[in-house]
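Let me begin by handing over the structure; questions about it come next.
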Amino acid sequence: MGETGEVEGGFGLRHYIERFTPSAEEFLRKKELTPQELAGWFAEKFGERVRDIVAKEKPEGTKGALRRTIWMNADREILRDMIRSLIDEIHYPHLSVISGTDEGEKVELQYHIQVYYGERATETTISVRFALPKDDLWIDSICDLIPGALISEREKQEMLGVDVRNIYDSRRYFLPDDFPQGVYPWRKDETGIKPEMVRKLSEVGL
Amino acid sequence: MARLNKSFDKALWVFHVNSGSCNGCDIEIVAALTPRYDVERFGIKLVGSPRHADVMLITGPVTKKLSEKVKRVYDQMADPKAVIVVGTCGCTGGTFYESYTLDGPVDNVIPVDVYVPGCAARPEAIIQGVVKAWEKLEKLRGDSV
Amino acid sequence: MSSVELLFRIVIGTLIAAVGGIVIGLAAKGVDRKLHARMQGRVGPPLRQPFYDVLKLFAKDNTVPDNAVGWMFNAAPVICLAGAITLLLYIPFGSILPVLGGHGDLILLLYLLIIPGLAMVVGGFSSGSPYATVGAQREMVTMIGYELPLATAVIAIAAKMNELFPAEPAFALSTIAAHPLWGEMGLLGIIGFAILAMIMVIVTPAELSKIPFDTPEAETELAGGLMVEYSGRNLGLFYLADGVKTVVMGAIIVALFIPHNLSPVFTGIAQGSIGAYMVDFGFFLVKLAAVVFFAVTVLRTAVARLKIAQVVTLYWIPLTMIALLGLILMMWDSVPMLHIAPWLGGA
Amino acid sequence: MSASEQHIGLDIAPAPGKKAPYRFQVGPIHPALKEPMMFDFTMDGETVVNVDLVGGHNHRGIEWMGMRRNPVQTLYLAERICGICSATHSFAFSRAMEDALDIPVPARAEYIRVIVAELERIHSHLLWAGVAAHEIGFDTLLHWTWKLREGVMDALEYISGNRVNYGMFQIGGVRRDITPEMVPKIHDYLDYYEGILGKIIHVFLNDKTVQMRTQNIGIATKEDVVKLAAVGPTARASGWKTDVRYNQPYSAYANLDIEPITPEAVRGEVVGDIYDRIIVRALEIKQSIEIIRGCVSQMEPGEILWEPKMAKLLMELKKRGGEGVGRHEAPRGEAIHYVKKVAGDENVTYWKVRASTYNNLLAWVPMLIGDEIADIPLIVASADPCFSCTDRVAITNNAGKTILTGEELHRLSVEKTRRLMQ
């Protein structure tokens, strides 16, 4: 397993996992907070840079389980800071996925993060939206903090044209290699899928 | 084609290619091999190399990334050979009737002999498809003699 | 025997052996596949299935990949089948003596056994596919692996023969076939002999590239391994060679361990008559089927494929040790040992 | 099977004095992979030194298609993301839609959803077990497990009418009820699995050759899986108690007591190897049987749909807007759908699908490095990959013409059924 030092580059993921300081404590929850308290923690920690925090507790089933969710908007500059603070003060976050939408003037990325997993009905889903103006489309990579974010970040690059800064592997994952550069399937503007690119399979050979 | 002898009916070796399908048909193909359906009774055998195969069972609507590979696998198969498309999406595009990453349907990429529709195609339907392929091979034999 | 007569015998004998070996080999494969399927809860293919497969393969195109070494690629299956058929000429079938019985012995057989495997290796290397290359490497490693216990078993038997019948050539199969060892030894010897029989049974699937020792052809890892680039006639020849090899390995085990004949039991049949040959041959087929059933069918139904490192370790350490134990037990059974520990001698 | 030009970025420098590592590619079309995916290995002899994953062969553009169809159409598209996880994606998508548009689901429908989802888990785990056995050349086990699996398929067909792509889900409920007459037969099926399952699990856990091929191979540590955000049995087998049904109970799962299964129960310790993943899945099959039993007994009569009339449902869906997240613990782990719908918009405005394998992909890297060629198929299979889910993404257009109208299709189907019943 130690051979990775000899073969560098490419998908040196092993290397990445090892470089990022591992310690068992990192996975432990540091502070028990309800969604409302967690929302307060975010507001206190990041002040003006997080907005429109909505914390919800929705009952599920008959046994008093609550589905805890927090939605918020945030400035993209604090993304890394936010993840780092979650690791240090709250709980090592599980990044479910990064989704993205095209909102006209801007592209919005939603980071769906779970904390407080590992016990019954305690998990809280935090969805953070980051608005990125289309003329300055970038976000920081969090691969060094959560190595599992890689595929999600690569996908945002190819599907939405977001420049993920410092991503260590920026190749395409989903799209074919001969897919035209500068076309992003999830965009709804002129860089989206052009009508002539759409193939109507149902009409071939009819 | 005069070389087509009767043994073809009784010993069809099948190579399975997934060209971007949803897995539904693929598991049904495997199901056809297992005890409930057991196609080996009819001499149908799944093989690991296209060189050994007589029939290509292809599922899925052929993604751009795979269309070259599908063609190559088809070329690697030794003559005489037949192609069976399993599943609606491979036959016509089906629910994926419109997309930017598909090169399908399959007959747009390689010549197809038998179509087995269904989403997913049932194992019985797949077996019937193989039987149709025999009929086709028989017809070829009739033409050439 | 004049040289013309010998030549005639060889030609006719080879023809009969080739046709017979192929037919019996394919039939054995059919039985194997049917039983295999039944044990898996399936109906399975008809018994004639291997014949259909071969006929079909011979009707197909024979593709030679561009980056293959053409003549080697095409020669390998022929050599493989020829090597397997040659082996048949040295092995007795029931009371039918081998065509070249007087001309070769067990040592020659051990060498000849390598030829089909070697031909497959050459074919694999010459096909220019990385899968085939890896498969060929594995085949070589497997061959090196099973030679050791195989040789130990053969030597043990020959040594015993030499001890019991010093007048006859120890390594000749005719000697071994004429004197079944079971009745000649004490309890320890019988145990040792049984152990060696088991070793031979375990070597058989490796020789035939069958699960659990089919690493060179592992379908799910190497897509057919050695055979990956072969098609049509060439693949058909390998298929036939595989059938013949099954007969060879089965027949060797039968000749070494259960060479008994049925004809002496029936007093009505004269020794050496056609009837006696027929009865013995029929009995031979039954024995062969039993050996193939245990060595190939049951084994491949009941276990998973091993990895190449595990195959080599298995053959070199535990199986070689067990083979040596068998050898020691057989030696121990000898008379001098009885002076040291009479109670160990058993009967 | 082939050299390809699409691998960039592997920069191999052989260490001085050592044999140069060579490249070995598996896929995209390979008998061990039932789906296309390519692995680009850097090998030293038979040992994997590094691996690069090249995916996207199954990329059909499903998300793009979904953004051009109405929610109900998209629901059926979601079902076809993957033929093995048909219930998974329709479950997650309906939950996301219900979360976004604030649609309540009747209690009975929640139970039926869970029954279908758990039957799917049984069939998926059995399928996996068979494929894993096939990868190590143990075809007998493949045939046995698949024989058992046919029983599950029968149950699914009995409940939903189809073996694959059940079409059970609807936004705000389910489309078919489980009537009281059906209950005894479901119990019969469950008894049948329980009877045979023990034997098969016994072979898997105790067979010597299976142990030789699975123990201490393909290890992913807890640290690896947590950092790589792996989910489902892959993560649980490494000792990480992650299970949406437990961490964030939903649907009828919230009414049942579900414990995530980790391998300690059988082995006493967590190694994180393939054997552990077998244990987890084997025990989960038993767990699923209990869950179904629980659901069947707890289920009370009632509505199964929030809005049974299709036209009204579509109108209501069009009127409402919002964004929401739906999660479901698929057989392979957490699946999450994000949807955004603008009020007044007929189509789903945005849709993001994240299947379990998407997150488990990276977990292969620590598993594969240091192991041998012969282990590759089994290690790959041990995460139960589903590339069609991962690569998903296909899209539909409302303007697309259909050749058959709905009525015609219905008439043809009825005729066919009559023919079959004769």
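A few comments on the model shown:
Note that the chains are named A, B, C and D in the order they appear, and that numbering of residues resets to 1 at the start of each chain.
In the analysis below, a contact is a pair of C-beta atoms (placed from the backbone, for glycine too) under 8 Å apart; a residue touches a chain by one contact, two chains touch by 3 or more.
As the structure is a computational prediction, the values presented were derived from the model and not from experiment.
Averaging Cα atoms per chain gives one point for each, and the point farthest from that of chain A is the centre of C. With centres computed from Cα atoms alone, the innermost chain of the structure is D. Distance between chain A and chain D, defined via averaged C-alpha coordinates, is recorded as 22 Å. Centre-to-centre separation of chain A and chain C, using mean CA positions: 61 Å.
A separation of 40 Å divides the Cα centre of chain A from that of chain B.
Centres computed as Cα averages put chain B at a distance of 37 Å from chain C. Multi-chain contact residues, meaning those touching two or more other chains, occur in chain D at positions 1, 31, 56, 59, 61, 64, 143, 147, 391, 393, 397, 400. Contact of a single residue of chain B with at least two other chains is seen at positions 34-35, 48-49, 61, 63, 65, 96-102.
Multi-chain contact residues, meaning those touching two or more other chains, occur in chain C at positions 40-42, 219-220, 223-224. Because contacts link the chains in a way that matches no line, ring, star or complete pattern, their graph is best described as other. All chain pairs in contact, by the document's touch criterion: A-B, A-D, B-C, B-D, C-D. Those residues of chain C lying in contact with chain B across their complex are 33, 37, 40-46, 48-49, 51-56, 59-63, 219-220, 222-224, 227-232, 235. The part of chain B that touches chain D in the complex is made up of residues 16-28, 30-31, 34-36, 48-49, 60-61, 63, 65-66, 69-70, 72-73, 89, 95-102, 119-120, 122. By the touch criterion stated above, chain D contacts chain C in their complex at residues 1, 24, 30-32, 46, 133-141, 143-144, 147, 207-210, 212-213, 372-377. Chain C contributes residues 39-42, 130-131, 134, 211-212, 214-215, 218-221, 223-224, 301-310 to its touches with chain D in the complex.
The residues of chain A lying in touch with chain D in their complex are 1, 3-4, 6-14, 17, 20, 22, 24, 27, 60-63, 65, 67-69, 92, 94-97, 99-102, 110, 112, 114, 116-123, 125, 127, 146-152, 169, 171-177, 185-186, 193, 198, 200, 202.
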